[in-house]
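Some structures are shown below for you to check.
Look at the two complexes coming up: subunit A is in both, with subunit B in one and subunit C in the other.
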Partner chain A sequence: MFLINCPFCGEREQSEFKAGGEAHIVRPKQPTELSDDEWAEYLFMRKNIKGVQFERWNHVHGCRKWFNVVRDTSNDQIKAVYKMGEKPPN
Partner chain B sequence: MKKNLRVKRSKHIDETYKISFKFNGKLYYGFKGDTLASALLANDIHLVGRSFKYHRPRGIMTAGSEEPNAIVQLHNNSPWTEPNVRATEVEIYEGLEASSQNCWPSVNFDIGGINNFLSPLLPAGFYYKTFMWPASFWEKYEYFIRKSAGLGKSPTKPDPDIYEHRYIHCDVLVIGAGISGIISAKIAAKNGFKTLLIDEKPYLGGSTIYQNSEYFKINNQNSGSWLEKEINEIKKIENLEIKTRTSVAAYHGYNYLLAKENLTDHLPIERRKNKTRHKLLKIRAKKVVTATGSIERPLIFDNNDRPGILLSSAIKKYADLFGVACGEKNILFTNNDSAYETAISLIQKGINVEAIVDNREKVDSKLIYEVEKNNIKIFKGHTIVNTYGYKRINKISIMQLSKDGQNVIGSKIDLSCDCLGISGGWTPAVHLFTQSGGKLKFRDEDQVFIPNAYPSDQISVGACNGDLTLDSILVNVPKSLKDFLNIKNNVYESFEVLSSYNNSKRNIWLLPSDKILGKTKSFVDYQNDATAKDIKLALREGFKSIEHVKRYTTTGMGTDQGKLGNMHALGIISETSEAKMGELGTTTFRPPYTPLTFGTIVGRNVGEYFDVYRKTPIHEWHVKNNAKFENVGQWKRAWYYPRDNEDMFQAVQRESKAARESAGILDASTLGKIDIQGTDASEFLNRVYTNAWSKLQIGKCRYGVMLNEDGMVYDDGVTTRLSENHYLMTTTTGGAANVLGKLEDYLQTEWPELDVYLSSVTDHFATISVCGPNSKKIISEIFPNLDLSDKNFPHMSFKKTKIGKIHCRIMRISFTGEQSYEINVQANFGKSVWEKCMEVGKNYNITPYGTETMHLLRAEKGFIIVGQDTDATMTPIDLQMDWIVSKKKYDFIGKRSLYRSDTIREDRKQLVGLLTDNPNEILEEGSQIVSDINKSPIEMLGHVTSSYFSPNLKKSIALGVVRGGKNMLGQKLIIPMENKKINVTVTDPVFLDKENKRLNA
Partner chain C sequence: MKNKYSIFSLIKNALSNHENWQRAWRDPQPKKEYDVIIIGGGGHGLATAYYLAKKHNIKNIAVLEKGWIGGGNTGRNTTIIRSNYLWDASAGLYDHALKIWEGLSQELNYNVMFSQRGVMNLAHNLQDVRDLKRRTHANRLNGIDAVYLNTEEVKKFCPIINTSPDIRYPVLGGTLQKRAGTARHDAVAWGYARGADEMGVDIIQNCEVKGIKRNGDTIDGLDTTKGFIKAKKIGVVAAGHSSVLANMAGLRLPLESKPLQALVSEPVKPIIDTVVMSNAVHAYVSQSDKGELVIGAGTDDYVSYSQKGSHDIVEGTLSAILELYPIFSRMRMLRQWGGIVDICPDASPIISKTTVKGLYFNCGWGTGGFKATPGSGDLFAHTIANDEPHKLNAAFNLNRFVSGDLVDEHGAAAVAH
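Moving on to the complex of A and B:
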């Protein structure tokens, strides 16, 4: 069980959080303009990397805020944590 | 006559404190400080169990948690019974009862022993290969195989003990209180770190504490005495917490560890009352020092599993720590210096050592010279080729090893003995390190895996880090700690160390024999009866990966997880397949390191504390009025209210009839309620529901369906516009938390520009639904000032009012198809308002109904229940609810998915009504629906989702999903059941009052 440094509350146990999948997938502004394939790309396709991955997490048993986490999925090391709307680190 | 093998007084055993215990029904004695194993050995008992597959007699093999053989059942047939307990870890107490496992009728005469003679027929993968064909027979084979397999018996009575969980935070956790652990803990604590030191044993000091030899000295004292002083000193350090009888089960990432603290297992049962038995410690450590030591390796030769064969270090420990001789004619067999340490201990205690068989040819070692001085015969360059004695070893045969160690030469020499100690060198106990994600490297000199890279803030020190000698430990441990803790003062100046151990070792994974391999039984995994032959067979059959060989031969898959034999399995694979050890890798070590009881894992979460449960404010009334409850998520909901001797069916028929004929009342407080406020609230609802919300007038209610972005129905409920920028949304009972989570997600991440605030008010309101043709009369009597005319208060609208000083929100909405009113009041007034409704309703036969009746009533109307009639593959179109999907709105969650090529298919499963030809026949929910039972394979068209007998329609009704069902109205389908087939007709899902006349009746 890893520790996550919630940008609003500080470091807490993983059990307080809920994972929300890959980050920076923006909901298309005009879904009706998209072809089936383009919509499917948004809806279903996720990277699921072994290595450094940008993810969304929700402090569901805390402040209920969503934020982004950069995590190495091979060893669970968290490289960075930043708020929604903030620029991802390099 | 039984012998007494208790030798010289040991200071660790209290011989003034005699303890009686039973083993296999017979009474024995031991002393305080004994383990079950040491007490049995003192009584000359080696044979304690039978092996798993061949039922071979097995004896005590080790003196620690790595024990594969001496596995017993404690207190059989009592509530305190526990299976698969290692006799080497059980501290004896007055009244202890232990018995052998995996044998019938007794450990001395075991019918399963016949498997030993059938063993040529039982190679690796025997069960896989033999019972595969014909596949349909497996069920029959399985019964017999299960009966003859298995270890202990699980308890059948409720667990009488108490278990707890505790969180611990510390700066430095030191695992293992051997010499390396003690030194580490002292350095950490003396430097101000809040330190926790834990060890699985009841005493501190590991194997050094009973080291009493002239050949191992620290600062001119023997190493045992030196360590004892250190222990006395660290016990006084304030910021050091010490826990014994505590074993680390799991080492997870981020230095999160689970340990089991054993508090009462060493006490007589009558003294355990009201005490916590095991505590699961959830440890979060900033830094971890692993000092778990090493485990002696056995040697792999023919018949290396007989009772009386022990690890050489175990024989030493039984002599030094427990004052017990494991035999009177001891022979030691070794490939390194360790057996000579044992020999010296035995000589010191006056225990007879017959001979030592050493793989090595020439070794220059002080320990060997000392043993030779005592006129003990040493056979250098020899190996054991066979052993004899069925229930106890009585003889060995040895032969000379060829130069390359691959063959035996010369003639056989027989030596008689009653105990054989074996030592194949030492394996660092890296299990916890690898559990934490650490990677190993292979050290070729002495053929051991040692830690390489650390995944978290931790180090391994001492023997588990490959420092297998006293001098290397004393040099390296303080040095490592200094770097690891980044401190200047490492507490210890320097040591004057005398260590007489010569590191030389002749490592031969599988010792040669004069017989061909196929004729030998050289056990690699004692507990699972996996032999060297099995491993070679697996390789011949094409298994290459160590993980596959493990599973095929079951090597390392016992309760001991192969702590003894795994290295040999790897070695044999490496030699046979000519792959390098370091490249083969090891199998994965998984938690727990030693088994945990279920009680430990569960802690206090048993019985009514198993899960959180939620009660409505009216719960007590339901209990008093004989309600049966059902679990809906965490909620306890009134299910039905049986009267007299009614069963569920009768109660539900009565309740359903009453609700349609006069009045029913339902506790709907569990429905999720979300308070929505903000200037963009209407826009927000527009985006999350499929229908349009902007034009909903203040004081009106509207039903909405919420989809996932994939177009599938997610939740539904009625939302009321309380004021311009204020809505109250209701959700399904089970979906409340998820809906709030999903809405928050969109608000925070996709639409942060919207001015909308959400808060859950589920627990803040009690909701009472009164329905039926007389509901209006009842409501008007409770709220005499409220104008209930259809004009002022029509269906799908809302009024604010009061009973006395209690504020009420009343919604005229209906889930039953009857005219109905939902009264929402502050939760703490819920029960009194409910009671008021009951009092007023008495004249109208107001009938409380539960969830079952609610489900029946809504099914009569064809209203769906999300999660019962839908399963995350149903769009609103599939549900024949096209009317709820706005054509005009540009976008809402899931809209684009409703016209993907897959969602517009005509032959999707669609919701339909089903009527049985025989109106009294009630379908089973979940039954499959087909059209043609003659075609094979029979094509499944769908399944029944809801089914009831409707007392109002006087026939059975059902809802189901059927492929292409929308266009099958009137068509006959078949529900095949085990003994019959039921004919049904596809109908519209609305069975009652299609015109909605009853809403305004």
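Moving on to the complex of A and C:
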């Protein structure tokens, strides 16, 4: 259990949010031209990092907006929060 | 040679105050090279080593475990065993395991306390009723014992369930698999470890893999905290950490690792003599031989390796338990813990070769791997020894995420994810 600093509402309990998985997976520009391997890569393969991971969250029981979080998955500590479309921090 | 466990060995050792029991397994240092190295000393890994030695006559095997054997998910699950899965491929896989469970204590000469007390899955809405009836029919076509019960029959089989129509999610019916049940999880790891050790398998604890060395497209060996170890073949059975190991070998897996929680109550006299699972309200409960209620909660929806889960998940599960079993309202919980489960997009496991020659993965068991331990070990051993899957695990290959031939078991997985 941890707190998430929603960029729109401020700090709230994690249970107010829905995790949206790995961030920055770009939807293919030309889906019709993708091979089966590329589809598998896009749809199913995940980094599933133990350590610092970039991910999407939705404040589903609050403002219902999506944003990005940088979190260490080994101890659930959040390193940074940034809005959709913003450049991820280094 | 191991001494056989029996009533006579028990009496003999009782007379010497239990001070002279033989070690159940050795504590060896790693050799320079092995024919097969299994990464992960949980139930699945130890079973794999056991069947490699027993059925495939491979003797030069090591099992590497970063902590102690059975200290991961093998010692953290709620010990439920059943095979009532929907699809033919899953039915074959899980019922293969269940058949091995039925003779496992005798085979290992180790009491795994397998108890076929039945597993009941409850329906709480009309869609549940339809799904569970469909699953019962599918099970019976596959030769798996399953029956559908109406509300009165559910109440008769487990009288403490609140079947009042006035509760928030009333019990509309359920399925029952009588051959299903529970086993003692630690004993499974220890029994397989003892059996594998007897056949010469080196079980190396406190040995963490730090890197997987490749020679082009062939496996070379492992960098570990006990030095470099060469291997002709490597089988990875690392549950929640499978993606971490795949990354070391330059592979990607379709997995997400999430915390799954369970808890036990203070021990009480026998009150529930079966296993009751309820997917819709997310609560399942059984009673251990010590008398504790064993309660399974759900997964968190975010990736985490912290072996802690969120408090609200436990709260949700316990409120459902109390609605279904008002008799437990004064019970106190003794312990709560989390394990990291590796979840596949189709809620089915991967027992497969990879694009690297000599590297095999057994992972993606998600929230329900314990029940499959013996079958998983047997089929993974077959896959490693023959470099080909057995027909029972052929559908559970990695390539299904490319071909689209998924085995969608979200309904039968019983833990929502």
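The rule is simple: the second predicted complex is superposed on the first by the 90 of 90 C-alpha atoms of A that agree within 3 Å, B and C clash if a C-alpha of one lies under 4 Å from a C-alpha of the other, contacts with A are read in each partner's own complex, and residues count from 1 in each chain.
In this text, a residue touches a chain if its C-beta (ideal position, glycine included) is under 8 Å from a C-beta of that chain, and two chains touch if they have at least 3 such contacts.
Bear in mind the structure is a predicted one, so any value in this text is a computation, not a measurement.
Of the two partner chains, neither subunit B nor subunit C is touched by A:H61. Of the two partner chains placed by the overlay, only subunit B lies in contact with A:L3; subunit C stays clear of it.
Touch criterion met: A:P31 reaches subunit B, while subunit C stays clear of it. With both structures placed on the common chain, the touch criterion links A:G85 to subunit B but leaves subunit C unconnected. When the shared chain is aligned, subunit C comes close enough to touch A:T73, but subunit B does not.
Of the two partner chains placed by the overlay, only subunit C lies in contact with A:N48; subunit B stays clear of it. When the shared chain is aligned, subunit B and subunit C each come close enough to touch A:A40.
When both complexes are overlaid on chain A, the residue A:K18 reaches subunit B and subunit C alike.
The residues of subunit A shared by its contacts with subunit B and with subunit C are 1, 18, 36, 39-40, 43, 75-76. Taken together, the subunit B residues at the contact with subunit A in this complex read 252-254, 256, 437, 455, 709-710, 741, 744-745, 748-750, 752, 890-891, 895-897, 900-901. Of all residues in subunit A, those touching subunit B in their complex are 1-3, 18, 20, 26-27, 30-32, 34, 36, 39-40, 43, 56, 58, 60, 64-66, 75-76, 84-85.
Residues of subunit A that touch subunit C in their complex: 1, 13-15, 18-19, 21-22, 36-37, 39-41, 43-50, 53, 55, 71, 73-76.
Residue ranges of subunit C in contact with subunit A, taken from their complex: 241, 243-244, 247, 252-257, 300-306, 308, 310-312, 342, 345, 401-404.
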